[in-house]
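Letters are used for the chains, namely A, B, C and D, taken in the order the chains are written, and counting of residues starts over at 1 for each.
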Amino acid sequence: MGYQVSNPLFAEEIKQSFARQSIMGLLGAELNLIEPGIVEITIASRKDLTQQHGYLHAGVVATIADSAAGYAAYSLMPAGSEVLSVEFKVNLLRPAKGAAFLARAEVIKPGRTLTVVHADVFGISETGARKLLATLQGTMFCMAHAQG
Amino acid sequence: MGYQVSNPLFAEEIKQSFARQSIMGLLGAELNLIEPGIVEITIASRKDLTQQHGYLHAGVVATIADSAAGYAAYSLMPAGSEVLSVEFKVNLLRPAKGAAFLARAEVIKPGRTLTVVHADVFGISETGARKLLATLQGTMFCMAHAQG
Amino acid sequence: MGYQVSNPLFAEEIKQSFARQSIMGLLGAELNLIEPGIVEITIASRKDLTQQHGYLHAGVVATIADSAAGYAAYSLMPAGSEVLSVEFKVNLLRPAKGAAFLARAEVIKPGRTLTVVHADVFGISETGARKLLATLQGTMFCMAHAQG
Amino acid sequence: MGYQVSNPLFAEEIKQSFARQSIMGLLGAELNLIEPGIVEITIASRKDLTQQHGYLHAGVVATIADSAAGYAAYSLMPAGSEVLSVEFKVNLLRPAKGAAFLARAEVIKPGRTLTVVHADVFGISETGARKLLATLQGTMFCMAHAQG
């Protein structure tokens, strides 16, 4: 939506930060899209990510949504910032079934200290059809770094 | 707080269900306590559960808190029920540091269809000191099963 | 978004129910729009609705957003239902200034028992310009009524 | 819980600020308790605060809980601060019945910029019995003021 970017290296820095999020490797998560104010993360369906009924665990849904939300916020922060999750709320709309899963986060309101973000998590069928599984609303904190 | 239990096998069923939550195995999570309306889950600190600054990822915090919350609700449900997360909100209070982590969930209000649960996640130091890292408030759904 | 309506009298029933919400009269709130899955409520700016800095109190923001959300959910419920708020979360994005305020709620996911709803609250300037002030994500419960 | 107070005039300032929250007058709300990190607000049951079934409207429940939460956070902030609600989530546990209502907020985690607060709202019967109706978890922002 035409958000103003102040850190021209945001996409590269998000890739580097994502690579340092070891949990993303454990889950097999990948960055699918990085744009100003928007980040997408995908994971493939995997047996060892499930809850007791064989669906993707709500916590994994929250994990990829929260990471996408944090990086969406980060994309609009000044160079040298760090992003921390303040809080998020997830509504789980349907059992999390799919061949793969996509979390898409978009900034609702950027701010100097706090950025509010919305994220949707979709199940993706083998034919590529998307179904909305969960929706997240959260707040991200921008920690400015001493630089030099 | 003296909640009434209607399923005398709740503790055994929670253990069996937990064993089927494959994600718990992947994270190295363990059931620490099962009582009527109260469930605790622990995990050890592990490099591959971290975010970019080396702290436990907020999504993993949410994952163990949500599972503990779901089972705390389940402990008060009738035999043959299934529990599903409707929604949860997590406030992250501090960077998630610790030698281990403990999620402790307690039912605030049991109900026939919806149960409201609170959970705290603590970081545990090598000396055993606890520090509150996050707090969750969520809603669990009881799906009754046809039996016979 | 093309939601299916099962109660053809939903709009009339929402108007009647709204008229019985005495608090809406106290706040000077009015129904602005009723469509399947979408309801809007407006209030004028008034000194006796403010918090200590002269902005609309966050609780009033939540009140009109919650009512709009409840009625948006109700619009898709079967005849003879009652709607109850299960939970809602509000993120406050800016100081709530405006000549008037508009809460617009839309159903994200209808369900037999639970309906998930999103609502935005806008400040409206004297020239009619809208500014997003707050965003709500909540769950509504459908209580079926014995009829006869 | 032994929170450290940095503004010795906090109680007096909360009373003055509360008196400026015009909405509190409209609702008939009163400060019931002010302690470091804890604030209580009460209102009497009144026909013009209800929703369509005659219960206290969820938005009014949220309004007194949010104000109590904001002032609980404020009580621990430095002199010359202002407090703003960042977000709150309310779970509604039962129909809000009572001769009067009490919102009791307690700080979970104070912070320089953000303070996390928990609040419970009780219905109070004519004999004084309390019943938990709703529970809130929210974040408050401390805006430091230039002084001089």
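Everything that follows uses one rule, which is that a residue touches a chain if its C-beta (ideal position, glycine included) is under 8 Å from a C-beta of that chain, and two chains touch if they have at least 3 such contacts.
The model shown is predicted, which means the values in this text are computed figures rather than measured ones.
Colleague: Tell me which chain's centre, taken as the mean of its C-alpha atoms, is farthest from chain C.
Modeller: B
Colleague: Any chance you could check whether B-C or A-C wins on number of contacting C-beta pairs?
Modeller: Pair with more contacting C-beta pairs, B-C versus A-C: A-C.
Colleague: On a C-alpha centroid basis, what's the spacing between chain C and chain D, in Å?
Modeller: Inter-chain centre distance comes to 23 Å.
Colleague: Calculate how many whole Å lie between the centre of chain B and the centre of chain C, each centre taken as the average of the chain's C-alpha atoms.
Modeller: The answer is 33 Å.
Colleague: So what's the Cα centroid distance for chain A and chain C, whole Å?
Modeller: Measuring from centre to centre gives 28 Å for this pair.
Colleague: Name the residues of chain B that each touch 2 or more other chains.
Modeller: As it turns out, chain B has residues touching two or more other chains at 86-87, 89, 91, 139.
Colleague: Classify the inter-chain contact topology: is it line, ring, star, complete, or other?
Modeller: Shape of the chain contacts: complete, all pairs touching.
Colleague: Going by the contact rule at the top, pick out the chain A residues touching chain C in the complex.
Modeller: 89, 91, 93-94, 108-109, 116, 118, 132, 135, 137, 139
Colleague: Could you please specify the touching residues of chain B with respect to chain A in the complex?
Modeller: 17-18, 20-23, 25-26, 47-53, 57-60, 62-64, 66-67, 82, 84-92, 95
Colleague: Which residues of chain A touch chain D in the complex?
Modeller: These residues of chain A touch chain D: 86-87, 89, 113-114, 139, 141.
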